[in-house]
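Reviewing the structure listed below.
Which chain is which? They are A, B, C and D, in the order written, and residues in each are numbered from 1.
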Amino acid sequence: MKKLINDPKTVVNESVEGFGLAHAAHVTVHPDPLFVTRKQAAKAGKVGLISGGGSGHEPLHAGYVGYGMLDAAVPGAMFTSPTPDAIIPATLAADSGAGVVHIVKNYTGDVLNFETAAEMAQAEGVEVRTVLVNDDVAVEDSLYTAGRRGVGGTVLVEKIAGAAAERGDDLDSVAAIGQRVNDNVRSMGVALSACTVPHAGVPSFALAEDEIEIGIGIHGEPGRHKIPMENADGITDRLLQPILTDLAPVAGDKVLLFVNGMGGTPASELYIVYRRAAKVLADAGLVVERSLVGNYITALEMQGCSISVLRLDDEMTALWDAPVNTPALRWGM
Amino acid sequence: MKKLINDPKTVVNESVEGFGLAHAAHVTVHPDPLFVTRKQAAKAGKVGLISGGGSGHEPLHAGYVGYGMLDAAVPGAMFTSPTPDAIIPATLAADSGAGVVHIVKNYTGDVLNFETAAEMAQAEGVEVRTVLVNDDVAVEDSLYTAGRRGVGGTVLVEKIAGAAAERGDDLDSVAAIGQRVNDNVRSMGVALSACTVPHAGVPSFALAEDEIEIGIGIHGEPGRHKIPMENADGITDRLLQPILTDLAPVAGDKVLLFVNGMGGTPASELYIVYRRAAKVLADAGLVVERSLVGNYITALEMQGCSISVLRLDDEMTALWDAPVNTPALRWGM
Amino acid sequence: MADSTFLTVDWAIDWLRRSAAVVAENRMALIELDRVIGDGDHGENLDRGFSAVLEALDAQAPATPGAAFKLAAMTLMSKVGGAAGPLYGTAFLRAATTVGDAAELDAAMLGAALGAARDGVVARGKAEVGDKTMIDAWTPAVDAAVAAAAAGAGPAAVLDAAATAAESGAVSTDPLIARKGRASYLGERAMGHRDPGAASSALILRAAANAAGAGA
Amino acid sequence: MADSTFLTVDWAIDWLRRSAAVVAENRMALIELDRVIGDGDHGENLDRGFSAVLEALDAQAPATPGAAFKLAAMTLMSKVGGAAGPLYGTAFLRAATTVGDAAELDAAMLGAALGAARDGVVARGKAEVGDKTMIDAWTPAVDAAVAAAAAGAGPAAVLDAAATAAESGAVSTDPLIARKGRASYLGERAMGHRDPGAASSALILRAAANAAGAGA
């Protein structure tokens, strides 16, 4: 394992410290318990938005703290959901009286820790709503699994719900629009290589030189199945097909197409995937109205990508276009 | 070699095509010869700014086409400088009567091809100035080498010269500020792993599991020397020391600190490097006024990073802060 | 093995210290189990949590078994994270509530505390036996403990029965398909691998039994 | 080997076609040389360029050797890129200028054309013999060609002398430290490796000789 780190035990703290130094104009880092808040307080009466989860998915979530998106983010240990003792103060910090929305990716650990924190924050007088993101079609959503995982759709939920909060929507409305984004987005990922969690020191799974892992999650957990390596167009089709089957858009639907890098894939490859995906969607009669390409929700240095398709309505599009000013996503200001 | 590509021969064309689709609001892709221009024409009388070079360094250069930065970019084959037949039409397209600045990284191929193109464009009546970027302190700059390579500093030259052009500076002034940035920036890189050029199919050099390559370039060319793996703080110090020796800043100098990912390194690791670098600079009495952290000039999926330090003056800082609206760098609009 | 009729706070503290030791010792093994069918952090998370428990014990000596459980609950809840943090945290919290501020625990109370702990895990995680989770260790452990106590066994024998049952329970997860937690994403590919949380539960319950044996 | 006194456009076209073939054949070998002390694209770049030369030759048959050289110059200049593109492009362009629209080239003109090509590469790249570049192949080749022509050799023998000298010249780059081009970044680590541009130059000059031999 070769990594630009000092010690597996200090990776998250040092990294977030560096993030705070580099983006001192955007964020404040609270070291213990660890959470990140906006430097400029949001206007009073704005619904607060927070998210958090295991580290290793950067820029998620701290990179999205700022105007038009999150009020606070809670980075857990590497690939490990954060604990209530950090989520609670982040929730309190994000509250300016209008309540706080927790955006939680659907993993048992995240759900349980945010659940506890929400209960305790409510006990302290903060109204909390939770939006559970579960957009990963690689996982069967049934009574017999922990349900679909939250992956790429999380970034879209945070952006669009963040814009709704910024324009002054109330607590239930912000949660509702976040839920609407989640209901209309589906994602699926592929890994060409595994990643190595620093404290484990060995790759999270093994892939032969000609194998890829379809339906990968963002935690280096194995995916749906291994298949022999294919070309980019073939892989893109494999990711899109279950997305489209599940989302079942109709011709004429407007969509946002999001090709996300897992951390170790060059931008040039993501654009090759985007090219094919855009063609497949166009052939299906869909109108790609907005797009996002890059490393937005990663799994350390994993090679691979995920594709997310969000069915847009005019309100979502307007909220997507609304100004945002965070370390990792910025436009309009 | 596992890559999200269809065919080594079509990587660049398909990737730039996808880039054009994803950023249709920002850029127009001209397929043959291949170059990329702004979608919205710059205001008449603005000095044109173009750059180009081998592909594989994305988002450089096409990602920086847009308001406040480049008017056109010319992507060559993978790691291969583009040819005059593409640079010439890009130069003509970028000219609105006030002349064009070529920003050229100092590699023999880039220099020769841009030289030829400049000559021919001048013959067609376009005034051309060239800013040669050579910020890499890993290479000895002497009569007995091809001189220092252009690396991370290129991004800073493009941003700051681009802002000068946008505010209405004339041809010589834009070239002069570009030159001033180059004169005040130094960079050095490290690789933890090599990258694989698609047409070669094997890694560009070999590193043992406990070796790193100090002074790496951005073309998978070997660096200054291999050393045993060290921790992030140690590596950061090794990169910064020759930068500071060569730049020779004095206490109180204001600097921009740029930690650049080579493509395969997680953001979390870049921030660990940033954290140390910021401390070392502060200890040297320097004031880190601006910063940039991320994958801005890459070498495919190489793991590693480069550090650049730019000594700022007030004008450079103002131009750095000026609005920019490109696919890969955006603020203020 | 000597067996006293009651266990005191000394036993509770010894249990927590032994748990920390055994988790530290098995850190890589638990990481490895979780790497294969999860995300490779279970050993790291528990080790971080139990190291913090040790620090907390050094800082403030709890006066009763219940206080020791509560200290463990709060520390694990705030230091472990992931799925295991809230689950183990809830388990210790429910155990603490069950024993209240009793200074001494008899066999029946131990059985009740283990049962409450297990019920807490179920309340939070909704897992049933056979879902390939720590419940596959806890439920047989509780059953064995309650049966042993009913049969008149002393605390050490009760805990020994619980640990032994937990150990078989952990082994019983090997062939299962997971229906809860991260391993459920794997479908049939989880078969043939032991659930990390069941494995750590068996280690921790064995530590409880050892503490009772040693502290007798 | 038969040797005619003049070489015509047929020879020039044959040379270019043979160059394309030998470059295609040695594509991976040239990539490999460049991978070790450069950036691994030399074979790919030349192969792309000479494939385009073949296409251009299929599209429009040049009427004179000079026209063939000019076609090669323009195509290589616009298709090869990197350092080698402008250098080979300039070489062929200078050769074209030197031979003008002569229909036939004698030994002396060949020597002059090779000399002009070499001078073009030097004008653009500023390399001297010993800098570990294609000049280490070209300069001995020009010297040998001029000497052979002066000694009364025919065109095929002149080209054979040039190719043989270029081949030794390429080998002579092995122990050198590079002072130009990408390999110069390597310092002493370039020692023991052949310069890819010198190697490709030797291949291309050998193709010229073979074309003259075959086309006699």
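Note that in this section a contact is a pair of C-beta atoms (placed from the backbone, for glycine too) under 8 Å apart; a residue touches a chain by one contact, two chains touch by 3 or more.
Note that the structure is predicted; figures quoted are calculated from it, not measured.
Chains making contact with chain B as well as with chain C: A.
Inter-chain contacts peak for the pair A-B. Centroid to centroid, with C-alpha atoms defining each point, chain A and chain B lie 29 Å apart. Rounded to whole angstrom units, the spacing between the C-alpha centres of chain B and chain D is 33.
Chain geometry summary: the mean Cα position of chain C and that of chain D are 76 Å apart. Spacing of chain A relative to chain D, judged by their CA centroids, is 55 angstrom.
Contacts between chains trace an open chain of neighbours here, each touching only the next in line. Residue ranges of chain B in contact with chain A, taken from their complex: 2-7, 11-12, 14-19, 21-23, 55-56, 58-59, 63, 192-193, 209-210, 212, 229, 231-233, 235, 259, 263-276, 278, 288, 291, 293, 295, 298, 300-301, 303-305, 325, 330-333. Those residues of chain C that touch chain A in the shared complex are 31-32, 35-41, 44-45, 48, 77-87, 124-125, 179-182, 184-187, 189.
Against chain D, the residues of chain B that register as touching in their complex are 33, 54, 76-86, 107-109, 112-113, 115-116, 138-140, 144-146, 149, 197, 199-200, 202, 204-205, 217, 219-224.
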